[in-house]
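Each of the next two complexes has chain A plus one more chain, namely chain B in the first and chain C in the second.
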Partner chain A sequence: MSQTITIDPVTRLEGHGKITIQLNGQGEVENAHFHVTQVRGFERFSEGRPFYEMPSLMARICGICPVSHLIASAKACEAIMSVRIPHTAAQLRRLLNLAQMVQSHALSFFYLASPDLLLGMESDPKLRNILGVAAAKPELGRAGIALRRIGQSIIELLGDKRVHPGWVVPGGVTEPLSPEKRDKILAMLPEAYSSVGLALGAYKQIAGTFQPEIEVFANFPSNYMSLISEEESIDLTDGALRLIDATGKIIEDGITASRYTEVIGEAVENYSYTKFAYYKPLGYPDGSYRVGPLARLNIVKSMGTPKAEKELTEFKQLATGPVSSSFHYHHARLVEMLYGIEKIEEILADSRILDKHVRATAGVNRLEGAGQAEAPRGVLHHHYKVDENGKITWANLVIATGQNNNAMNRGVLQAARHYVKDGKFTEGVLNRVEAVVRTFDPCLSCSTHAFGQMPLVISLLSADGEVVDRVARD
Partner chain B sequence: MSKLKLATVWLDGCSGCHMSFLDMDERLLELAEVVDVVYSPIVDTKEFPDEVDIALVEGAVASVDDEKKIKKIRDHSKMLIAMGDCAITGNVPAMRNPIGPEAILDRAYIQNASAQAQIPCVVVPKLLKVVRPIHEFVKVDVFLPGCPPSADTFHTALTALVNGGPLDISALTRFGA
Partner chain C sequence: MANTARCLILACGNTLRSDDGVGPKLAAWAEERFRQESEVRVISRQQFTPELAELIAAADSVLFVDSSASPPPGRVRLLPVSSRVESSTAPPSHHLKPSELLGLTRSLYGSIKSHAMLLTVGIGSTELGETFSAPVEAALPRARGILEKAVLRFLGR
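On to the complex of A and B.
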């Protein structure tokens, strides 16, 4: 008789998902799925709205990475307006996006993942959270809170609000940066450097003890996609798309926002509200690829800032060719946080950042536009069509989490096959399966799912799939 | 004094209210001295506890699962706080109401798909015809407006509730801000 193990909800995740693991009569794992269980319909209900409303509306897709949606959306609007935004506006947006990456990576690493890493995969579930980390490792807990606070405070200084700032608009930003605010941001950076240094040191010390997890946490060859600058450096805000294969060979390059449909397709599986993006020429699922910190560090040739450059060199030594275990997303995230702080400092050192000209204006000059930007968890695409009055007639979004969807599902299956033996499993085993998803830092904030069910339910199914018995575990 | 049991839940929202809750930063550690976070996306509890003192709920009720959840939360919580505009008015999630779930699903999974176009139906919950705020399903004790409410609003409200003092957040909140 077959069984289904259900993990519901997957916790310490940005949004609610659910994992099901199907066992056959011998207790072997047959299949496993990661389900995203909510859909909101932004693509459809934005129809009829004026295009200049899009950044503020689309930011509400996500409270964790609203800045990436603001930027990708504003860029799509600017393609419709056919304007080039002032240099300072572009740099200010870059600052905002870097600050978001710092806060979001701090959330992912410290608040969500570090309980597994610092307290242990099998540690007491009641304490396995950020407050437990702060109690057991006060210095690291406080470093995590500080990094998130600093990222959020920079966003607030620039955009007046920590979550959903209204500062980014089609054409640029609404207000220039004052010298006082610049100095306040600069004053935060020493604490940011020391906090991320502490985290990198602690992570490198313990990473070796997770070799068994590194082996089976979504560890397989795949393609990778990210934005990259003309100098082949990391670029979260501008730049063009590059796709590499499992050996590191470039298979697409220089793909600008308006061309994303040439390379990216989206498939639907019946078990998830999140679609599955794939590289079109290879089809689905062969064309699946990974995005986010691991993909970015696998793709870029340099970080462009001295401290992060050293860390990149060390990171690339983890493998010959692209680093393939998703466990290393954690490491990549820390390197990127360091880069973010350095880059913020570099941008603020240029006095042009205080220039008062930060917004271009125009009406509708084209009936279609697309924009792309790197969200902390991977590249994001917004694509709109409008009528001559600027009313949205059609929209499509390809989000980071959809692009990692196939890899997350494969990773869950890989770990479940490794850890669930003879139909036996412990809480720690199930936590490891969840921890595979956490490495990707998926953003399912438009996603939430069932409780009102038992935390773990084993359903016994007859051969035709009928539920014949259900057993709940405490 | 035993610690108050605090739960935080999100239904159909963007998590921005939860992010604003976390924006209390170091004040979270002080809060943890007087409350236990017994259920939340940031802790590993899988089932909503039987007895919760304060439940903070983000988001509107949009699916059959959300409806089950909000009823369960109400049944097991002494005080239920609607946190943010989506929980209070439906806000952005309710923008789909004039369109209906069929057209939303058709656009996302049939028209805007390039392979295996189909409407997901396995494990995922059915959408309600109309997205509604939580007070249309259960009694709400406190409303904290904002998109999202600020960290200071959370801190002021929770401090007052923990100390049993008067709760006046009118100067700190407004819809949309």
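On to the complex of A and C.
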């Protein structure tokens, strides 16, 4: 008799999803799926809007990574305008994107993942949360809060708002950076360095105790995709796409935004509202790939900043080729936070950052444009078509979570097969299956979060719907 | 570390969800009322997020302002808040109750507030919209009065 285990909702994610695990008559895991159960409609309801409204409209997709949407959208608009933005505007956008990455990665590591990492996968679920971390490791709790504050404060200083800043516009940014604001940002960086250093030290101390999880948390060969600079360094805001295979061999390189449809296709599965991106020449699902911090660190040759460079060297020693376990996303996030702080300092040290020329202007010069930028969770593509008046006639977005969708599903299946035995499971098993998804830090609903409590019930049902086993979390 | 203020007013709510916007509405009023008071700081957010603990730690007293679905629409209540966290429920990751925020503040910064109160207004509608229901609109003067008195008491006046 076949049975299904349902985890609904999956907790400590950005948004709402559920997991189902299907068992066969012997109680073995036959299949498992991660479902994104909410539907958004941004591509459709942007139709008819003037193209220059798109960045601020699209930023509303997400409350955690609105800056990436702003930037990818503005770049798509600039392709329609056929303009190249001033150097200082590009650097200011880079600053904003780095600040966003710091605060987003801090949220993922300290608020969402650290309860599992610092308190243990099997720890009391009532304590396995941010309050439990604060009680057990207050110094790390303070570090997390400091990094969130610093990232958000930089965004607010640059864009006037902590969330959904309207500062990034087609052609550049609306205002230059003042020396006062620059100095305020610089003054925050020593605390940022010490906070991320504390987190890196703590993570490295405990990572070895998670070897069993490392083995089965979406640990399989796959392709990886990210933006990379001409110097083969990490580049979150510009650069071109590179795709490598499971051995590290480059299979696509130098793919600019206007060419993304040559390499990326999107498939649909009937169990999720999120699409499944894949590398076109290999088809779906063989062409599935991973994006985000793990992919970026697997792809780049250098970080381009000294402290992060040292950490990258250490990270790459985790494997002989690309690091394949998604558990290491956590480590990669910490390395990227360190990079972000160093890069912010480097950009601000250049006096040209105060230049007043920060915006190019133009009208509609092309009827189609695409832009790409790295969001904290992976590379993001915005693609628009307009009519002669600049009104949007068609839009498509390829987001990081969709590009990681196949890997998340494979990871859930891998972990479920490892941990669920004889059709039985414990709360700790449930948490590990959820934790696989958390490693990717998927952004499901993005701009809207839970209203009220998030109860969790897992039911094991027989084929005729009878509840055979049940685990509940209030 | 965050800027210090003797009295911190922390409001939350969604201004696009009718009555749920009553917290931000009262915060905007408080911002104007206490504009000349350097010892009062007003923060309005859509949720009470963990990072607010840092701001709470820096203040002597805190007044949370929020809507509440449980009392009848328009009922205004002022309740003490303790930092005791109920162990029977696990808090979500992105937003906390006032008591949980106080507990987090105590754990992280060893900070215990001399005064911590929660001002709530009972709500009737959270439909999409930027206007209040009649009971909430009618309750605003009373809510403002209670808020003002609480803050002045926190300041020892």
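Note that the second predicted complex is superposed on the first by the 445 of 474 C-alpha atoms of A that agree within 3 Å, B and C clash if a C-alpha of one lies under 4 Å from a C-alpha of the other, contacts with A are read in each partner's own complex, and residues count from 1 in each chain.
In this text, contacts are C-beta pairs under 8 Å (C-beta built on N, C-alpha and C of every residue); 3 or more make two chains touch, one makes a residue touch a chain.
Note that this is a predicted model, so its numbers are computed, not measured.
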(request) Report for A:148: first if it touches chain B alone, second if chain C alone, otherwise both or neither. (result) both
(message) Applying the document's definition of touching, compare chain B and chain C: which contacts more of chain A?
(response) B
(message) Taking the superposition on A as described, I'd like to know which of chain B and chain C A:130 touches: first, second, both or neither.
(response) both
(message) Applying the document's definition of touch, where does A:45 land relative to chain B and chain C: first, second, both, or neither?
(response) first
(message) Just to be sure I read the superposition right, which of the two partners does A:349 touch: chain B = first, chain C = second, or both, or neither?
(response) neither
(message) Under the stated touch criterion, which partner chain does A:112 make contact with: chain B (first), chain C (second), both, or neither?
(response) both
(message) Taking the superposition on A as described, I'd like to know which of chain B and chain C A:283 touches: first, second, both or neither.
(response) first
(request) Please identify the positions on chain A that touch both chain B and chain C, taking each partner from its own complex. (result) 11-12, 111-112, 125-126, 128-131, 134, 141-142, 145-146, 148-149, 152, 449-450, 453-454
(message) For a test of understanding, state which residues of chain A touch chain B in their complex under the given definition.
(response) 7-9, 11-16, 18, 20, 33, 35-41, 43-45, 57, 60-64, 66, 107, 111-112, 115, 125-126, 128-131, 134, 141-142, 145-146, 148-149, 152, 161-164, 265-273, 275, 278, 280, 283-284, 396, 431, 445-446, 448-456
(request) Could you please specify the touching residues of chain C with respect to chain A in the complex? (result) 2, 47, 50-51, 53-54, 85, 87-96, 100, 103-104, 107-109
(message) Residue numbers of chain A touching chain C in their complex, please.
(response) 11-12, 111-112, 125-131, 134-135, 138, 141-142, 145-146, 148-149, 152, 449-450, 453-454, 473-474
(request) Name, in rising order, each residue of chain B that touches chain A in their complex. (result) 10-20, 22-23, 25-26, 28-29, 32, 37, 41-48, 59, 62-63, 65-66, 68-69, 71-72, 92-93, 95-96, 99, 101, 103-105, 107-109, 112-125, 127, 147-148, 150-151, 177
